[in-house]
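Take a look at these structures.
Below, chain A partners chain B and then partners chain C, in two separate complexes.
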Partner chain A sequence: MYAQAFFVAVFGLAAIGFGVWVFRTSSMVRSALALLFSQTAVGCMFLAMQTEFLGVLQIMMMATEMSIMAIFMVMFMMDPGGMGGMDMTHQKRFSIGAGVVAAGVAIAVAVLADWAPVSAEAPAAAMQTRELGRELLGRSMMIFETAGITILTAMIAATAAAIPVQTPAHSDEKENPE
Partner chain B sequence: MTAVLIVALVTGAILFGIGVYGALSQTNLVMIMMGVELILAGALVNLVAFWRFLHPESYSGQMFVLVVMTVMALEMAVGFGVAIARFRSRGSVEMEEAEDLKG
Partner chain C sequence: MSVAVVLLALLGSVWLLAVVEGWTTTGRLRLTAPLLSGVAHLGRESIVPRTPDRLFFEAAPVLLLVVAVLAAAVLPLAPTLVIADMATGALFVNAALAYVLVALIMAGWGPNGAYAMIGGWRFLGQLIAYAMLIVMPITGVAMRAESLVTTVIVNSQDSVWNIVYQPLGLVLFIIAAMALAFRAPFDLPVAGGELGGGVDAEYTGVRLAVLRLARLTLVVTLALATTVFYLGGWHGPLLPPWAWSLIKTLAVAVSMLLAGRYLPRIREADLMRWCWTLGIPLALLNIIVVGILVLVVP
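== the complex of A and B ==
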């Protein structure tokens, strides 16, 4: 139990530390890497909480997602390396206040709530995966299918948004470059 | 064991707060998306902690985690689609330059 508490706390601190670093560095690529480390620490917290399947899934998904994010950072930013020390923030005081209030309220609920008796034992990893599969293909199948359709819709929407709009003026330019 | 639950919930709450700060304070669209990712990461930590320590017999909690992970991936995909469209039309993904989107 103490080992579990220790590892949950250590990975939690790592997730928070890297989460803060995301908005502290002026380099966009470093921000993406800090977010990758923060999300990986969250995945390690899942592993420490004996949720093996979700932990591995979180680490794999976030590694891919944040690598793509880092590439987009290099593509979009005028100063991806942060050498110019650009400030890309606004309404800083309001944002800090909102963040502190949001976290404070959630911490107060976590600390002050009277939680039901907690379970000391988690189901074995193989059983968790099997039961999650049964849940996905049984009682929660409609939700699972809805998530699939939503992913398809988002893929089409993202592709449609990214395709350049061909206005008549542009197509004329292409046909007659001079 | 309650201590582990509270540690996990406090971690989730702090990640949520950092994400709120990032989503509100950043001017770059991709950085705003990073803030939203941190908010969702905080929600994920809470969901897993609730499943593990309060309801390990019911797998709806893990199902909910999968749905939130799907939302994270969708947010990235659609966000980058919008970012590409914006970059093509205006050459920037700075949201302070997107005031023309106001109704």
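== the complex of A and C ==
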């Protein structure tokens, strides 16, 4: 029990530490990978809390997602390596205020919420996977399918928007240079 | 005990694979060549390029090695010879191997060199091509075993191996595994002769030795995964279970190396197109066929 609490705390602190690093570095790749390791630490917290499937899934999904985010950050930022000395932060006072308020709300919820009694024994990992599968194909199916289709639609729309439109006038010019 | 035995088996397999690799490239069978080459790397100067991202540059080879070993940790050599028999073993293999991409992006970005960076980002494109072809065939394997536990997956092939039960899945998985291990013809991130070594380009000395060891370990791990998922794992007559696992693993690994020698390097755009327009529909077909077989065949 104490060992479990210790590891949850260690990975929790690692997640916060990497999260802070995201904003302290000017390099876009460092920032993206710091966010990845922050999320990986959250995955390790799941493992420490004996939710094996969710932990492994979190660790797997984040590697790909954050790496893809890294290349977009490199593409769209003017100083992707952070070596040009650009200040890429803005609205500092507002963001500090928003951060403090959000942290206060999160801590208040953690302290004041009526958490149900801690279950003494977590179900076996294989049983958890089974239960999760039944949940996803039962009560929660509509929510997950809606989310999935929404993300897919957004991806297709973003790709369509990113493809340069070739107007007939342009294609004429290419074919008939005169 | 299992940890030491599995690590020793991995190291031995990597050594044998390096001997075979040397044999196919130089035509000479020298058992000591990998060892001498490793010692030579250790003796050489380990150059650090100008203004690198030092953290990524140093971490990348180690991360690549660690993820290859971590993925092997959940794959059994024999019924009791597995480092961690996790309830989500088949998923964990994916999770660990996803960090190959992270290691290569680090290795590409870290040295502050153009060729390395192109190689690193190229692998990201390669992942978009192969990723689904790793996950979807494993789904078929897990469907038949009705479990993600790797030892249960091997036991599910007691009567008929998955190479017979779902041959389409095997073909897709091996192609995707070769792309994941960035072996020829999918060696786009390193691409000698075109990118001048790509992600390998700026590494020398001990760092290059670790990188090479990691690449070969990755091939062995993926060959072991193929053995566990499709070739009946430790099942086989006469010989002890661990021996069958090793023989099959080495056979798959050597086949991967040989296939690479006789195939031309594929273009990034072609790889992406073939994987998405042909690979993924075939992987879906495999899942449907396995689903029907699981329900119909007792």
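Here is the rule we use: the second predicted complex is superposed on the first by the 163 of 178 C-alpha atoms of A that agree within 3 Å, B and C clash if a C-alpha of one lies under 4 Å from a C-alpha of the other, contacts with A are read in each partner's own complex, and residues count from 1 in each chain.
Just so we're on the same page, a contact is a pair of C-beta atoms (placed from the backbone, for glycine too) under 8 Å apart; a residue touches a chain by one contact, two chains touch by 3 or more.
Keep in mind it's a predicted model, so treat the numbers as computed, not measured.
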Key: Superposed partners chain B and chain C on chain A - clash or fit   = fit
Request  = Counting touched residues of chain A, say whether chain B or chain C comes out ahead.
outcome  = B
Ask   = Which partner does A:Phe72 reach: the first (chain B), the second (chain C), both, or neither?
value = first
Inquiry  = Just checking: does A:Val10 make contact with chain B only, chain C only, both, or neither of them? Give me first, second, both or neither.
reply    = neither
Message = Applying the document's definition of touch, where does A:Leu57 land relative to chain B and chain C: first, second, both, or neither?
response = both
Message = Touch test for A:Ala124: chain B only (first), chain C only (second), both, or neither?
response = second
Inquiry  = For A:Leu136, using the defined touch cut-off, is the partner it touches chain B, chain C, both, or neither? Pick first, second, both or neither.
reply    = first
Query = Given the touch rule stated above, what does A:Val29 touch, chain B (first), chain C (second), both, or neither?
reply = second
Task = In the overlaid three-chain picture, find the nearest pair of C-alpha atoms across chain B and chain C and give that distance in Å.
result = 13
Interface residues of chain A shared between complexes with chain B and chain C = 53, 57, 68, 128
Note = In the complex, the residues of chain A that touch chain B are 1, 4-5, 8-9, 12-13, 15-16, 19-20, 22-23, 28, 31-32, 35, 38-39, 42, 45-46, 49-51, 53-54, 57-58, 61, 65, 68-69, 72-73, 75-77, 88-92, 94-96, 98-100, 102-104, 106-107, 110-111, 115-116, 118-123, 128, 131-132, 134-136, 139-140, 143-144, 147, 150-151, 154-155, 157-162, 164
Touch list for chain B against partner chain A, complex = 1-22, 24-28, 30-31, 33-35, 37-38, 41-42, 44-45, 48-49, 51-57, 59-60, 62-63, 65-67, 69-70, 72-74, 76-78, 80-85, 87-88, 93-94, 96
Remark   = Per the touch rule, the chain C residues reaching chain A in their complex are 51, 53, 55-56, 86-88, 91-92, 94-95, 98-99, 101-102, 105-106, 109, 112, 121, 124, 127, 131, 147-149
Note = Counting only contacts in the complex, chain A reaches chain C at residues 27, 29-30, 33, 36, 52-53, 56-57, 59-60, 63-64, 67-68, 70-71, 81, 83, 124-126, 128-129
